Structure formats: structure tokens, C-alpha cells
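Take a look at the structures listed below.
Same chain, two partners: subunit A is paired with subunit B first, then with subunit C.
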Partner chain A sequence: MEVTITIDGKQIKARKGTMLLWAALDNGIYIPHLCAAREETESPPASCRLCFVEVEGYPAPVTACTLPVAEGMVVNTSSERVNRLVAAGFELIMSNHRLDCKNCPANGNCELQRIAKARKLRLKPKNLPVLHRDLPVDDSAENIVYDPSKCVLCGRCIRACRNHGQSVVGFARRGFERVVTTCGDVPLGESGCDSCGECVKACPVGAMSLKKK
Partner chain B sequence: MSKGSSTAKAAYAKLQEAARQNWEKLREKPLILVGAATCGRAAGALQLMEEIRNEVQRLGLDVNLLEVGCMGHCYAEPVMVIYNEGFPPICYGYVSEGVGARIVRDFLVDGDPGIEFALAALEPNEMLPTFTDFPRGMHEKKIVMEHCGLIDPQNIEHYIATGGYASLVKALDMAPEEIINVIKSSGLRGRGGAGFPTGIKWETCYNAPGSEKFVICNADEGDPGAFMDRTILESNPHLVVEGLIIAARAVGAIKGYIYVRAEYPLAVQRIALALQQAREAGLLGQSILGTNFNIDIELFQGSGAFVCGEETALIASMEGKPGIPRHRPPFPAVSGLWSKPTVINNVKTLSYIPHIINKGADWFKSIGSEKSPGTAIFALAGKVVNTGLAEVPMGTTLRELIYEVGSGIANGKKFKAVQIGGPSGGCLPEEAMDTPIDFDSLTKAGAMMGSGGLVVLDEDDCMVEIARYFLDFTQKESCGKCTFCRLGTKHMLDILEIITKGKGRLEDIDLLVELATKIKEGSLCGLGKTAPNPVLSTIRYFREEYEAHINEGRCPSLMCKDLIAYYILPDKCERSCDACVGSCPVEAIYSNEDRIKVIDQEKCVKCDSCMVACPPQYKAVVKLSPPHLVAEREKGKE
Partner chain C sequence: MKLTEEEKKTALIITRQILKEFNGNRGNLIPVLQQVQNKLGYVPPVAMEEMAAHFDIPAVDVYGVLTFYNQFRLTPPGKNQVKICMGTACHMRGAHTIQEAWERRLNIKVGETTEDREFSLERVACVGCCTMAPVVVINEQVHGKVTPTRVDGLLFSYQLDKQQTKEGGTE
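What follows is the complex of A and B.
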């Protein structure tokens, strides 16, 4: 069944129950997002906290990746409140991302750059110091380079790896130490990774990249 | 159902008859109860049991000696109660080694009740005041804790003899909607922290489609300093079991679980035994009390991460997944364990259920305040005289709770703040002491009810350090899934550490507030949404302490190590006494030409030993902040 909703004054039609994020993106309305995946409709991770929007009738901003569209919904993707919240979330992510666009394989095709542009945000954090974590680059796999200091912990590579029929990478540890890694923290090259490259396709930033030939 | 219900009534009457007989038999001889919950054991309750057992044997006395749970007077432990014919039952406190044997001997052989050791009598009498004659007892209103410490938690007959499981019989005769309506109109709100109306939660689960539903008791109790749930489970486990069975009956659950942290071995043991006894008595399992109602309850041991107390993380961990919260909705009442409708309630919430079914919604509403009916159970800790558990009606003020129930501030110090609601609660100052305790008032004041941890802070506690301490806890316990909590709390903690070292900037206070506000707004689960509370509330009420650290490098409470220095007052030093010199682990103290002791600031590690060692009649060692005051004083001396 189709429903009609209004996003930023524009009327759009979407299948009832679709998450608002996908309805917006399918209609050319950009909402920042890192962790959501279309195939994961059951329980979206809702962990990057960048897809906030304001919806009439809701007291506070809500994440668009978790909100099924409903008839008559009125959405504002960049109210003052949303903009400030998204800016804060983005600055937090950027305070934990090794910024090196010039040498990054994802340069020009990076979701962080895209968000910064769409929302007029700085890539380099303004108020917050950069939180360094000394995590070495892993280039042990045949075809893949993994740089954990660029990882934004969206989990997309984990799903891609699982969908490919492998489960080489997963989340480990807690809090600030949370990391995408292999079972037992072995290098990718010893993990059974077959260098299929699905994780590289899934990675919205430059944390997973193909080796330069 | 009526046929089933008459069978149930008959079956219960038989159980109760037998239980009452054995209960009354207990009193045919002198009865001695020793409070041996985890708190009592830590104070030596098991040794006291042993001592009394030996003394009774030595004297050839015929008594009943029982291990019971905790009445809440943890400050006075070990605690013991003696029922002796011709006397009111007397509760003794501070029963240290040798005292227990002596009381038993004097009382049971010579008829001298040893009132110098008595805390109070348990029943009105001519001889001794009762607990209700003291300010604490006047404020206390025991519902959940009524029988804690007075019945044997390992004997289901004690629970039944005091009216236990009668509410289950009543509930078996009620339609699920009827039970839900009673709970709804009682206004009961969840005691796990958020204060969500229990009846509405049950109704949602009841109305959710599906024939497989679950009920879960949340006994994860991860707040540092909180031990209400543990005490209830150790002192009266059947109360919780009965509440959970009634919940299952109301929502139509096919299975119940008690999720308890494995770090509570005694509680685990007591629940396991309670479940077994309830099954044997026909109160749990297939065709309960002969009716067609079936429910079994399983014990599930969690391995203790704080965030596993959050309901979606708890459910994930029961499913064998990492204990990480997920987005709600769907709420567990609609999609919980194995994606089936699931009611999850706190231990205390469930403990009210049998009482409400028994005495009715109006009775419950008559206690406490309008929007938060019933009682609140607090674990009093910190710089308060009477630490322990207290159950008071909602609406009691913080002042009454701290000064009358808790008997005020220990060691003649001055009150500074009360940290209420656990690590995600807030610190309230003197001005907020007349705040009534209920869900909404505390939240408005910048704290929260939380699970009931309450830490009293005095003039020696630095509010910046307190905020740092609690944030350090939540930051370490963050699961790391969502951006705001994972990175936001880390930044906040870093800033607080810098401030406690005297290296902060004034803008840092605003940055903290900004980060805190965004973390509350943007986090995925309750942990992140509340973690900034200690910081926000201390900035709100004690901003000048932050400013002193930043502007003057001074810790007003002399607590932050980097901002203090130890100094020996020359005119107070006794000269010939070398106590401080001997106590110093790094040989930082020397005698000057006048034999006055001086601390070499370069060597001093600020361990506090000299301050402790200096005899109280001199009190020559003091702390100064900022540390450069030492040099100024030493110069002034020259």
C-alpha cells in the first residue's frame, strides 16, 4: 500500500512501512547516514546517529532509519534542532577519524565528505580534540587494506562479509575500544578472508580499500 | 474458571494450614534470628550464627536458631532478633564477637534482655521503644520490605504462613483483564528507573498478537552502591516469584525468567531454592494449585555488564547475543525475547504486585504521592550516619530521608550534596533538600529516581571529582555501539580529567554542557541519555567549584590530588614526635634545625599517610590548595 508523506515541503509517495530514510533517498532527498542498510529492515542498528529528522507530532528528533513512513507524515530534514544535533554527531565521528583525504583511496567517494558538503560542516573538528587510537593498518590480505583509524564503526562491512557467506570480520570490545576486527584479532591475511572485496564496496569511508595494483 | 478456583482455594488452604502450624511451633521455644544476607555476612553474621550455636549447645538450651535476610539496618550489622516468652521481640544491633553469646546467655538463662545492646523492640510494649518510636521508624513504611529479615527466606512455609501466595490464589480467580485493571488503576510505576506505568506495559503485552509470550524479572542491578534488589531476593525471594507468576497470568505468558547477575551468588542460590520449593508445593509449573494455569520460571544468570540491565540488551544477552541495546520501538512488550511479546519488570516492581492484588488499587494509591504512588526503597550510602536500606512513602523529602531516616551526616561534617539515582543520576545541593522524592520531582531537579542508589556527600567531597568518578563508570560501561555515547562520554571524561588536574579552560564548562546536552538528545539507549546527568547537575549547582579548579588551580574540597599539597603547621608540630616521618613511604619528611617536621614537596606522593599518622591532639598536617600556598607559607616563615 502506498502512503503520501511530506518531506521538506515536498509531497512524495512511498510504500507503507518503508523506513523514512529510504523513502527520502529514493526521492532525491538526502539525509546523512552511515550505518543503515536496505536489507536490514528488521532491526536497523541505528548506531551512527546522523539520520535525525524532525517529524510533526514527535517531541524530539528521531532517526529516519528506524521510522516507518505512515500516511500524512510531515518531515523536516534540517530544522535548527536537527542541524545542531547532526553537526554534533558528525563532529564526534570526525574527532575519531584519521583525516587524510588527499591520500585516502575514498577521496571524492566518501560519505563523510558528502555529509560535510550537504550540511556545510567542517571535516576537521572545531571544538573537540582528536582522539587517537593507535591501531595499525592491516594490509596482510591479498587484495584488501584495512585502516581501523578511519573506521566509523557503521558495521556495513560486517554485513557485506556475512552476506558473501563469510564472517571474517565482526565487532569486538566495548565503549571507546569498540573495533571491527577478526576473530581473535588475527590479521586479515590469516583470517580466512578471500579478498572478495565486498567489504570495500560496502565501506562508506576509506577504512576498507583495495590494494593499489 | 470457578471450578478451578475452588480447587485452588482448597489446595492453598491446606498449604497454609500446615505452614501456620509449623510457624507457630517455632515460637514454642525461644527463637533467635540472625540477619545473614550478603550485607550481614560481610559484617560477620555467619560467625555470629556459629557463636550462638556453640553457646546454646554449651548451655544446653533448647531454642530455634534461624538465618534470615536483612531488615535494612545495615549500619548496625550484625543484627539479631530474639523472641522470648514474656518479652517483646527485641532486635539487637552491632552484635560483635562475644556479644551475641552474652546476650543469649543473659537473656535466655537469667531473663536479662540486655537492653544496652537493643536497637528496638518489634512490638509495642512497656519496656522498650519500638522502631516506630524513632524518627526513622516514623518515616518508614514497609510494603516490600515488610517481612525481610523476619522470615526464613529458605523456607516457603514462612512466606505462606505470613500470607504469601494468597494473592496468587486470588489472581487465579480473576480474568487477565481484571488483574491488569487493578495494576493500572493502582498507578504502580516501574522501579527499574524510568517509572513507566506497569499496568500499561502489561496491557500492551496482553494485547500484542501471538500466543507465545514471556515475563522477565530484571534483577541485574548494576548500579554501583545499589543493593535493594539483592536484599529483597536474599530476604524474601518468594515475594518476587509470586509477583512474576501473577504477571505471567495477567499477560498470558508461557514462561518466566529471573535474570540475576552471577555476582550475586547468595541471591542466585535463594531464588533457585525458592523456585524449587514453589514447584514442589504446586505453586509453580503445570496446573498450578490444581487449576489449568501453567507457568514455569527459570533462573538466568547474567555476567554483569551494567548495560545488560537495559531491557533490550538484557534480552539480547538471554538470546546468546552480545549484550548491546537496540533501537526501540518495537518495545519488548510487543517484540521482546525471541521477538515475542515480553514483559520485563524490576524486582521491586514485581514485589508490589502481590500486595496490590491482596489489598487493592485504592490502598496502594493512598500511599505516596499522586503521580508516584507507593513507596520508594533506597540504599543509603556515603557520609550518612545510618547506611542501609530504607523504604519510605513517595513524597518524603530528601531532607527527611537523610536527616531523619539516615540520622544526618557522619563525623560532624557539613552536608554538601546528595547523589541520587545511581551513576546516571544527579547531585542535588542543600537548596534542593525539600524536593519530595518521586519520579517527576527528582527529574525536574536534575537527578532521577533511578534504581534507588543514594550517596550522601559532605564538605570533603569535590563535586568535579564526583562527576568525573561517575562519568568514568558510565564511559567504561558504554557498549560503544552509538556515536554519542561512545565518543561523547569519552570527550567529556577527558575534559573532566583535565579540569581536576587544574589545566582546564573556562570554555570547557560550556563545552561540557554542550556535549552533555547533545549526548542526552542523540544517544540510542538510556545509558547515554542519562550518563551526562552527574556532570550537568554539578555544573548547575556547583559551578563555582569548577571555576575554582580552572581559574585558581584550587580544589575547594581538597580532594583533587594534583591541586593540593600536604603541609605541616610549624606551630602545631610537636617536634619530638616522629609519627609522620615513620609513616611516609617515600622519606619525604625531614626535621629542620628546630626539629620541626617539613615535607619535601618534590618527593611527596600525597598518599595521606602523614595526615593519618599525626596524633589527633596535634593535627599538625594539613592540606593546602592550590599547592603553591606551601611555598608562600614557607617563605612567610623565613
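What follows is the complex of A and C.
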């Protein structure tokens, strides 16, 4: 069944039950997002806090990745409140992302650069101190280089590894210490990783990249 | 830190025994981890792999749960357990400096055990004697107003004690 909703004054049709984020993206309306995945319909992680939108009838901005579309929904993808939340969320992510765009393999194809451009945000945090974790780069796998200090913890590589790979990477620890790692923190090369490269395709930033030949 | 073959074997036997009591529902993972930790004092990698196979989940998921909760240990506890109080009062009086001093002297991080298994290092919340901050508890003994120099002193006294009991044993 199809429903009609209005996003930024534009009427669009979407299948009932689709999350608002995907309905918007399918119709060419960009909403920043990092952690969301189409296949995860049961309970989206909603952890990146970037896809906030204003929906009429809701007292506060909501995350578009967790809101199923409903008939007659009126959505505004940017308002003062939304911009403030997105700016804060983005700044938090950038406060422990090692910025090295010039030498980064994802330069030009980076979701962070895209979000910054779309929402006119700075890549370098203005109000927060930058805290690097100085985690070592792991280049032990045959074809993959993993730089945890660039990781934004979106979990896309984990999903890709589960669906198409050997299920070697996952989240570990908690809070500021949270990392994407392998069981027992062994290097990728010893973890059973077969360098299928699905994580590289999934990574929105330059944390997982292919080795330069 | 390396585990001996024998330790790996006992860990495997105990984990298998405990897993027999549980069905494959992944919600049982935490009770299993707790029981293994109760029996062994820690959860070794072999046990993690065994659990992962039992619950049909990637081993890294077991590792993720294990590292998320403070109650689980990855390494066997040492003969002497050093607990550094990180309560509010101790924190204000420089518990972090004390932690660094221990880490540097023992050459391990919090949650780890020295290679000779003499010491393991842990952070705890308030131990209830804030007037003595910063506090370190070694086994059951409380040491107050600890300084980095005092850390050296404490380590020295444990080494002396050990030497004395050793000499006492040979006499």
C-alpha cells in the first residue's frame, strides 16, 4: 500500500511501513545519515544522531531512520532545532575522527565531507576539543587497511561482514573506548578475514580501505 | 599473557559442562559468561569460541559482550589483587596518577595480570574510606594516602614478604 507524504513541500509517494529516511533518499531528498541500513527494519541502531527531521504533530525532532511513513505526514528536513541537533551530533563524531583528508583514501567520496557540505558544517570541531585515541593502523590483512582512529562507529562494516564476509569484525568495549575490532583484538590478518573487501565498500569514511597496489 | 595447555583444557571442559545446561537461545550468553567466570575467575578465548559455536553467533559478539561489562575478566586473576579506588574522593586526590604508577611499575594495564601471575590490577568504585584517599586495596588490606613512591614501597614489601616465605620454606 502506498502513502503520500510531504517532505520540504514536495509531495512523494512511499510504501507504507518504509522508514522516512529511505523514502526521502529514494526521492532525491538528502538527509544526513551514517548508521542506518535498509535491511535493518526491525530495530535500526539510530546511534549516529544525524538524521533528525521535524514532523508536524511531533513535539520534538525525530530520527528519520526509526519513523515509518504514514499517510499525510508533513516533514521538514531542516529547522533551527534540527540544525542544532545535527550540528551537535556531527561535531561529536568529528571530535574523535582523525582528520587527514589530503592523504585519506576516501577523500572526495566521504560521507562526512558530504554531510558537512550539505549542512554547511565544519569538519573541524569548533566547540569541542579533539580527542584522538591513537589506535594503531592494522594492515595485516591481505588487501585491507583498517585505521580505527578514522572510524565513526556506524557499524556498516560489521553488517557487511556478517552478510557477505566471515563475520570477523564486531563492536567491543564501551563509551569512548568503543571500537570495531575482532575477537580478542587480534589483527585482521589472524582473525580469519579473507579480504573480501565488503567492509571497504560499506565504510562511509576512510577507516576501512583497500591496500594501494 | 600466555595460558598453559592445561588451563585451556580445563577451561574447555568447564565451559562445555556449563553450556550443557543451556539451550541455544543467545539470551543465555550472559548467564553462561557469569558461570564460567565464577568457576575459572576469568573467561579465556577458548571458552568464547565454544560459546559462539553453541549460540551460533560470531565469536566477536561474545567478545563484545564480555568487554562491555566490567564484571568480566579476560585474564586469570593474579596471586595479589591490586584494586585502585576510583571513587569521587580518590579521583579528586589523584587516583589516576596512582593507577598510572601501578601500570608503569607492573608493566600491565588495568584488567590485566603480570606475566609471573603475581599481581593483577583492577579499578573499583568507592571502598568506603574516603578520608584516606587515594586508596588502594591489595587482597583484603587497605592502604590509604597512596603516592607513586608508596606504590614502589608496597611492591618492595611484597617482594620482601615473598622472599622471606621462600627462605622460611627452605630452612
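As a working rule, the second predicted complex is superposed on the first by the 212 of 213 C-alpha atoms of A that agree within 3 Å, B and C clash if a C-alpha of one lies under 4 Å from a C-alpha of the other, contacts with A are read in each partner's own complex, and residues count from 1 in each chain.
Everything that follows uses one rule, which is that a contact is a pair of C-beta atoms (placed from the backbone, for glycine too) under 8 Å apart; a residue touches a chain by one contact, two chains touch by 3 or more.
Fair warning: this is a prediction, and the values are worked out from it, not measured in the lab.
Student: Decide which partner touches more residues of subunit A, taking subunit B and subunit C as the two options.
Tutor: Between subunit B and subunit C, the winner on subunit A residue contacts is B.
Student: Return first, second, both or neither, reflecting whether A:203 touches subunit B, subunit C, both chains, or no partner chain.
Tutor: After superposition on chain A, A:203 lies in contact with neither partner.
Student: Quick one: is A:88 in contact with subunit B, with subunit C, with both, or with neither? Answer first, second, both or neither.
Tutor: It touches subunit B, and subunit C stays clear.
Student: Please work out whether A:168 is in contact with subunit B alone, subunit C alone, both, or neither, and reply first, second, both or neither.
Tutor: Touch status of A:168: second partner only.
Student: Please work out whether A:181 is in contact with subunit B alone, subunit C alone, both, or neither, and reply first, second, both or neither.
Tutor: second
Student: Is A:60 touching anything from subunit B or subunit C once the two structures are fitted on A? First, second, both or neither.
Tutor: first
Student: Can you list the residues of subunit A that touch subunit B in one structure and subunit C in the other?
Tutor: Touching subunit B and subunit C on subunit A: residues 171, 173-174.
Student: Contact residues on subunit A for subunit C in the complex?
Tutor: Those in contact with subunit C are residues 162, 167-174, 181-184.
Student: Spell out the part of subunit C that touches subunit A in their complex, as residue ranges.
Tutor: Going by the criterion above, the answer is residues 45, 48-49, 52, 58-64, 67-68.
Student: What residues on subunit B touch subunit A, complex-wise?
Tutor: Within the complex, subunit B contacts subunit A at residues 305, 322, 326-327, 475-484, 486-488, 490-491, 494, 511, 514-515, 518, 521-524.
Student: State the interface residues of subunit A toward subunit B in the complex, per the touch definition above.
Tutor: Of all residues in subunit A, those touching subunit B are 43-50, 52, 60-61, 63, 66, 84-85, 88-89, 92-93, 95-96, 127-129, 131, 153, 171, 173-178.
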